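Okay, handing you the structure first.
Naming follows writing order (A, B, C and D), and every chain is counted from residue 1.
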Amino acid sequence: MSDVAIQAGLIDRALRRVSTLWRDMAAVVGVGDQADADLSSRLRDCLEGRGGEISARARAAGLAETYRTLDPAGRTEFLRALAAFDSDADAVGKAMEKVGAASDAAERAVATARLRRALEPPRIRLLTAVAAIPDGVKFLVDLRADLLARQDGDKLLQALETDLKGLLASWFDVAFLELRHIDWRSPAVILEKLVEYEAVHRIRTWRDLKNRLDSDRRCYAFFHPRMPEEPLIFVEVALVQGMSDSVQRLLDEKAPVLDPRQADTAVFYSINNCQRGLDGISFGNFLIKRVVGVLSDEMRNIKQFCTLSPIPGYRKWLDAALAAGEIALTEEERKALRALAPLLPPPSEDAPEPDEAAILRSLLARRPPWREEGTQKVLEPLLSRLCARYLLKEEAPRRPGRARDPVAHFHLSNGARIERVNWKADISENGLRQSHGLMVNYLYDPERIEDHHEAYVGEGRRAASTAIRKLAKA
Amino acid sequence: MSDVAIQAGLIDRALRRVSTLWRDMAAVVGVGDQADADLSSRLRDCLEGRGGEISARARAAGLAETYRTLDPAGRTEFLRALAAFDSDADAVGKAMEKVGAASDAAERAVATARLRRALEPPRIRLLTAVAAIPDGVKFLVDLRADLLARQDGDKLLQALETDLKGLLASWFDVAFLELRHIDWRSPAVILEKLVEYEAVHRIRTWRDLKNRLDSDRRCYAFFHPRMPEEPLIFVEVALVQGMSDSVQRLLDEKAPVLDPRQADTAVFYSINNCQRGLDGISFGNFLIKRVVGVLSDEMRNIKQFCTLSPIPGYRKWLDAALAAGEIALTEEERKALRALAPLLPPPSEDAPEPDEAAILRSLLARRPPWREEGTQKVLEPLLSRLCARYLLKEEAPRRPGRARDPVAHFHLSNGARIERVNWKADISENGLRQSHGLMVNYLYDPERIEDHHEAYVGEGRRAASTAIRKLAKA
Amino acid sequence: MSDVAIQAGLIDRALRRVSTLWRDMAAVVGVGDQADADLSSRLRDCLEGRGGEISARARAAGLAETYRTLDPAGRTEFLRALAAFDSDADAVGKAMEKVGAASDAAERAVATARLRRALEPPRIRLLTAVAAIPDGVKFLVDLRADLLARQDGDKLLQALETDLKGLLASWFDVAFLELRHIDWRSPAVILEKLVEYEAVHRIRTWRDLKNRLDSDRRCYAFFHPRMPEEPLIFVEVALVQGMSDSVQRLLDEKAPVLDPRQADTAVFYSINNCQRGLDGISFGNFLIKRVVGVLSDEMRNIKQFCTLSPIPGYRKWLDAALAAGEIALTEEERKALRALAPLLPPPSEDAPEPDEAAILRSLLARRPPWREEGTQKVLEPLLSRLCARYLLKEEAPRRPGRARDPVAHFHLSNGARIERVNWKADISENGLRQSHGLMVNYLYDPERIEDHHEAYVGEGRRAASTAIRKLAKA
Amino acid sequence: MSDVAIQAGLIDRALRRVSTLWRDMAAVVGVGDQADADLSSRLRDCLEGRGGEISARARAAGLAETYRTLDPAGRTEFLRALAAFDSDADAVGKAMEKVGAASDAAERAVATARLRRALEPPRIRLLTAVAAIPDGVKFLVDLRADLLARQDGDKLLQALETDLKGLLASWFDVAFLELRHIDWRSPAVILEKLVEYEAVHRIRTWRDLKNRLDSDRRCYAFFHPRMPEEPLIFVEVALVQGMSDSVQRLLDEKAPVLDPRQADTAVFYSINNCQRGLDGISFGNFLIKRVVGVLSDEMRNIKQFCTLSPIPGYRKWLDAALAAGEIALTEEERKALRALAPLLPPPSEDAPEPDEAAILRSLLARRPPWREEGTQKVLEPLLSRLCARYLLKEEAPRRPGRARDPVAHFHLSNGARIERVNWKADISENGLRQSHGLMVNYLYDPERIEDHHEAYVGEGRRAASTAIRKLAKA
């Protein structure tokens, strides 16, 4: 059975399945039997480009409408049916032959261009046509989110997802995004999206939100002209004096408002991607760079740009490293830990005397671990030192040169440097769970962003302050 | 010598040439010698993606700046150097093998996706990076105009042009365009573009322009968000009573202004593409459809939408057909033409008696041909009949089913129907030269646009009024 | 002691008091002693117009700033000091003589104009100068609110308040207001004002607010260009099928959203003045008329415009009228009421048998009064009938021709007619307290607004539906 | 005959005249006889406030419409009829008595407020009502222009004009104006107004206009929110290096465009009031101050703000002063002038030998006077010296302390100082006629504007550069 036949079979099965679902649904909502034939032929007409371009757009609108009404199983079938409209294997085969036979660069260029065209799958046409309907672009972004959730192991869906990602990457190139300042004057329809999408430090109430948009705060987001009410990514900034060392203090609604002309530092304390369907299409780095530029222009009193960032992988790495015995403690640390042993519940009679690593693990198992002043005195320097090492030295598994911590990787590849580790900086449940309450400041020095970026991306060298380097070495 | 080597050679040669030019220029403007190495390495760095994405954008900006300063020869070399950064032949070869070896649809889907990626030429990255700089999108549109003017026969430049067209087609999809109403309240910077780009009926003065934007006129244009001061295409509309039959009357600055609420007909009398660099990326059909929609919603008194269109190919076709003896005249026509013979200069003594076709040709060689009332009485029905036939029956060479007249093809494929042929409708020099002064109304019936569009695009059937059909048959 | 001397004395005393306060405050905030002389002289300079106009504005800004920092007593003194800058009694005296001596209309016109100028108090100059500072207009609106709260019996403050009202009335003429559609896309800073100012049916949460701005709701407000974030008055509208008869149903957040194209009726269910400082400067009537116009243009399916209005004076009037024995009951009503007597607590042994009015009063004293189905059957027609009479016949004390109910007066003078009385239309605590839960629909018939308005304003005739007329007569 | 009777008589006569005109017109346009009664009663109803406020506005709209259709004589009658609706003489008389009888400041305040109210003429109500119709504010501005053109000697029209001026002054207070930057991106409808209103240095073509809005030029205007397409006043600014000394060079379309970041000086070279109907309501001083503020904020490279101004009264003053023998020449000047005598036509035989003043007058009678190099060498220092004296010392007749030159007065009262006199700075016909081609730079030093303003407005002291002081003394 040829490829073409297989493909046709797949489409028909998929369409039949969709049709069945559709007929069932149609019966329920009273649209009746004619709907069945209708959908199959609409999908086919649309994809095969029958009629001209205007008709194609009209049909695409109908299909999108249909998709919205399908249940999850129906959607999967719909997507599989759509994915089956791949490029024509025969045409591709012939085009490949021509490329193989090309005798010089010019001939090859022509043959290659033809092969590219032959490879364009018809399903791309439907996706493009959908973009033109109202909310069509948002529809496609959500469609990709659906695909990402479904594609697991399904090569057809993966291929469709790849096509869609390509399309979205082209449309959502940073060239086409607009940076908007969001404040309490912004439309409520956008502000409620911030509440929905803020995942780093949840927004609890409209009062909390208003506090984050006050005169000593800034919020910037990228938008796409075709999704004017949907932020793609946003960053929250605090204008303060000196680098912040506690996110709880930053978010305290009762804290007095600083006159922004008195601030000398802009702290990026939360950055959030909003659209699951744009995963892997990055604009976070551009956002930070643009915001640094905007703030520099606007507020000459701001001398320093930094983040107050979570360290999501620290605790997990530390637990594993301790368990594996990979953490070397200094003599001083050992001594201090031993002195804390009495704080722990006495080991069962026959258990061996716990060593210092075991004591440390026991202390860290408590929440918070710094319950006693004495403990805190021991843990603060110890956890800070290990954290500096984690950020500066640890590499992602199988990704040599890449920082193990994903947030560290993000900022380092944006050209920031690791500046300072902060103790008790996020004492929320989440902060304790991720990193025993530690947070880190990454510093964005406008003059050095490019250099740091190239050093890290090109050679895996991580920029860090002298203090961090010393700490990591200790 | 392998493909890769060839390619590398090409690039080096091209870069050297650019470099030379650059060094010369640099010497003139006093930038000095270091510029030379600079450009080569910048182009290479940019295309090879050294450093991260942010650096790539910065380098792209520099290259665009350089390009702007090059002379035509320098630009050609620059473009050839850029075009040489094609996809990697080895990688493509391997990917093609995998496609050939795929054993089922799923495997094939994966292999195909990889082949597509392998085929993506690095030069595309540079083009994309340029889009992000201010005016970058306009730069690329103009770059394509440069390429179209240069590519003749040069396969490499053609390949680059094809890439760029694909990119622009994706970005300038009608989904991303915004329709704007242009009137005397619009920015002068946009109005002067109308003056510049209007090619159908030239705008002579600001007064002429103001008259075309008066309260009984409408003008709509598509814009792209990244080129907010550059119309892509615009249409001029007159709100009148009954279908217009003379463009001179429409453009008469002294004609009284009609209260637009008294109008029953919207006449599209001029439609102009503005960006040479977007040739082949069509949005004219969407523009007309959108404008019909907007006007219907806004002005309930408008009952009829039509054009007053030139017939650019009529005279040329008629001359050729007469010369080839392909025009059959009716007995009545023959008689009437013979009666006009005395008006013509007497043939030289030994010349044969002119036949009716010759008389007709002689009459039509005069400008205007209708000098005498008697002539007009003969020519009006005759030229109208032949024009109806031309529009309704004549096919483009080697394009069966396609109307020979390009404007007719445009409107028919948009879903219009041929409605009426108008005598002495454009008596300008240009109108006489193109079509002996005849113009045609195409009618856009919102209810039937889709049907007509499909009938023409799908089956080559041309919609026409009964009157036109009768006239063509006569 | 001459007027001028008195006036100067007043000013000095007032300034001294302000100065003292100011010095105390200045000491606290560390501005020091020079502040004292400073304020006195600033007020004087500003009011006496020393220096030119530009200086005056600068000084006004300083004074406004000072005012904001004063405590209530300080503000009162400040206002009294300001008020003391009245017109010059001598100049007014002389100008009056000239008017008295004028011998013909022309001479009189000139003398009158001069008198008008002589009467212009210098304090007006300060108020005008303040308008130019940022937020100056809002400052003056709030200043008038301060004055209204303070002026009680103080002739000087009253005079100042009158000046300020005149100024504000000129600036806030409806000619200068802009109507804005408010929805969930509006800035949060404006939406929070709705929450703050809605006094008819309190907005409890952002969810409640969002529900009121949903697609089947409309909200319109008047704004002044110099107070772009402060609504002056706003109206909330529901798009429904048929006239609404229950505000609880209207505000139910769980009620399904109606497709607004299915609606045939627009119900104005809440109208709120926002600025206490604009009391007595009315634009409510213009707001309703404008909104009727906007909705008619925009939604051709809306055939009927009405309100669902509270009847704030009904219960109070009814209680008094019952107590005074002014309510005549029909025989049928009496009988029905008597049958309900057993529901009431048995009267004390020696009390007289309660008559029907007493039974009615006892029933109405319960909250809600309709506890039993039988009661409801009796009360609904009875309370509706009396309500119709109240709305249609009762006059405001000492205002013959004017409806007693203030909301009825507002809508009647805007040209509405009393359309329908609704039982159990507002069963909130507030609705029961005001009107035993009854509400009324006023109908705005665009064709008849002018007629009704003139009939009511000119002759005291109240427009009402036939049903209401019948009911009132019953 | 009482005042009231006179007034009623006036009104009736005026209305009758208007009615007649109206009837004639109505007959012509076929509205018929009922129009007559109609206008009279509409004017009366509107002014007497019959019906409510909404009706008043509707009637005002009708009257404005009528006014627009009247011929000049009809308009005069209309205005006189309107003006006759003055305040009620009896009511004013009674209110004046109360003021006279007031025994203390509080009583007087109340009585005064009542008198003010009694003095408000009913015609003001009509004017206010008109403001609410579309274009109503522009209508009133133009109405005042009509009144200013007509009022000559007519006390009634003067009184009406005074009322209207008061109303407009309140509405057009600088507090309510918006400053807009105008450039080539501005709507054509506004740009064509610049062309229309520029009176200092006429704009000849759209190209000339575009040149004045280029990147090294700025143009700012005040607008009123209710007249968004009508500039009230605008200023044209050139960004240059060093103070300009020639307006012809400034306006040269072929001059190269300066990168505005290279400029160090902003030259205000033309300032124009646009609305005759706002004469006497000044905002020019605020405009310059605001523009200085905007430019300082925006362009840190601009260090100096000055004008290049005409000296409209110089030549006229000089001619008169020379004729009156009031110009004292230095010995050096005399000698130089005598040396130029041979250039002049020989005096008739019997004429006395011309003295130096006569020689000067003869030279200045030529256009241009500097025809020969030698002449120029004599005239440049001489005319510059006298000009410095004229600007610095000469006072307006009967206005001690006020500069004689109106433009000098304008800038001095705005806080500028006289900086430099420029020879051959405006060699146009107009420049020669006004000031023998001289122009002057006034310097606006942001730090000193207030001081200069107060010194001039308060004490008549004129700020000037040392150079100007020296020159004037020479």
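Rule of thumb we're sticking to: a residue touches a chain if its C-beta (ideal position, glycine included) is under 8 Å from a C-beta of that chain, and two chains touch if they have at least 3 such contacts.
Here's who's who by UniProt: A, B, C, D = Malonyl-CoA decarboxylase.
A quick note: this is a predicted structure, and the numbers were derived from the prediction, not measured.
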Next item on the list: Kindly list the shared contact partners of subunit C and subunit D, in label order.
Entry: none
Check: Greatest Cα-centroid separation from subunit C: which chain?
Finding: B
Check: Using the average of all C-alpha atoms in each chain as its centre, how far is it in Å between subunit B and subunit D?
Finding: 52
Next item on the list: Between subunit B and subunit C, tell me the centre distance in angstrom, where each centre is the average of that chain's C-alpha atoms.
Entry: 61
Next item on the list: Averaged over CA atoms, how far is the centre of subunit A from the centre of subunit B? Could you give it in whole Å?
Entry: 42
Notebook entry, point to check: What are the residues of subunit C that contact at least two other chains?
Noted result: none
Next item on the list: For this structure, give each pair of chains that are touching.
Entry: A-B, A-C, B-D, C-D
Notebook entry, point to check: So in the complex, which bits of subunit B are touching subunit A?
Noted result: 3, 6-7, 10, 50-55, 57-58, 83-84, 86-87, 89, 92-93, 96, 99-100, 104-110, 112-113, 115-116, 119, 128, 131-132, 136-137, 155-156, 158-159, 162, 167, 170-171, 173-176, 178, 225-226, 282, 285-286, 289, 413-415, 449-450, 453-454, 457-458
Check: For the complex, which residues does subunit B have touching subunit D?
Finding: 184-189, 191, 206, 210, 229
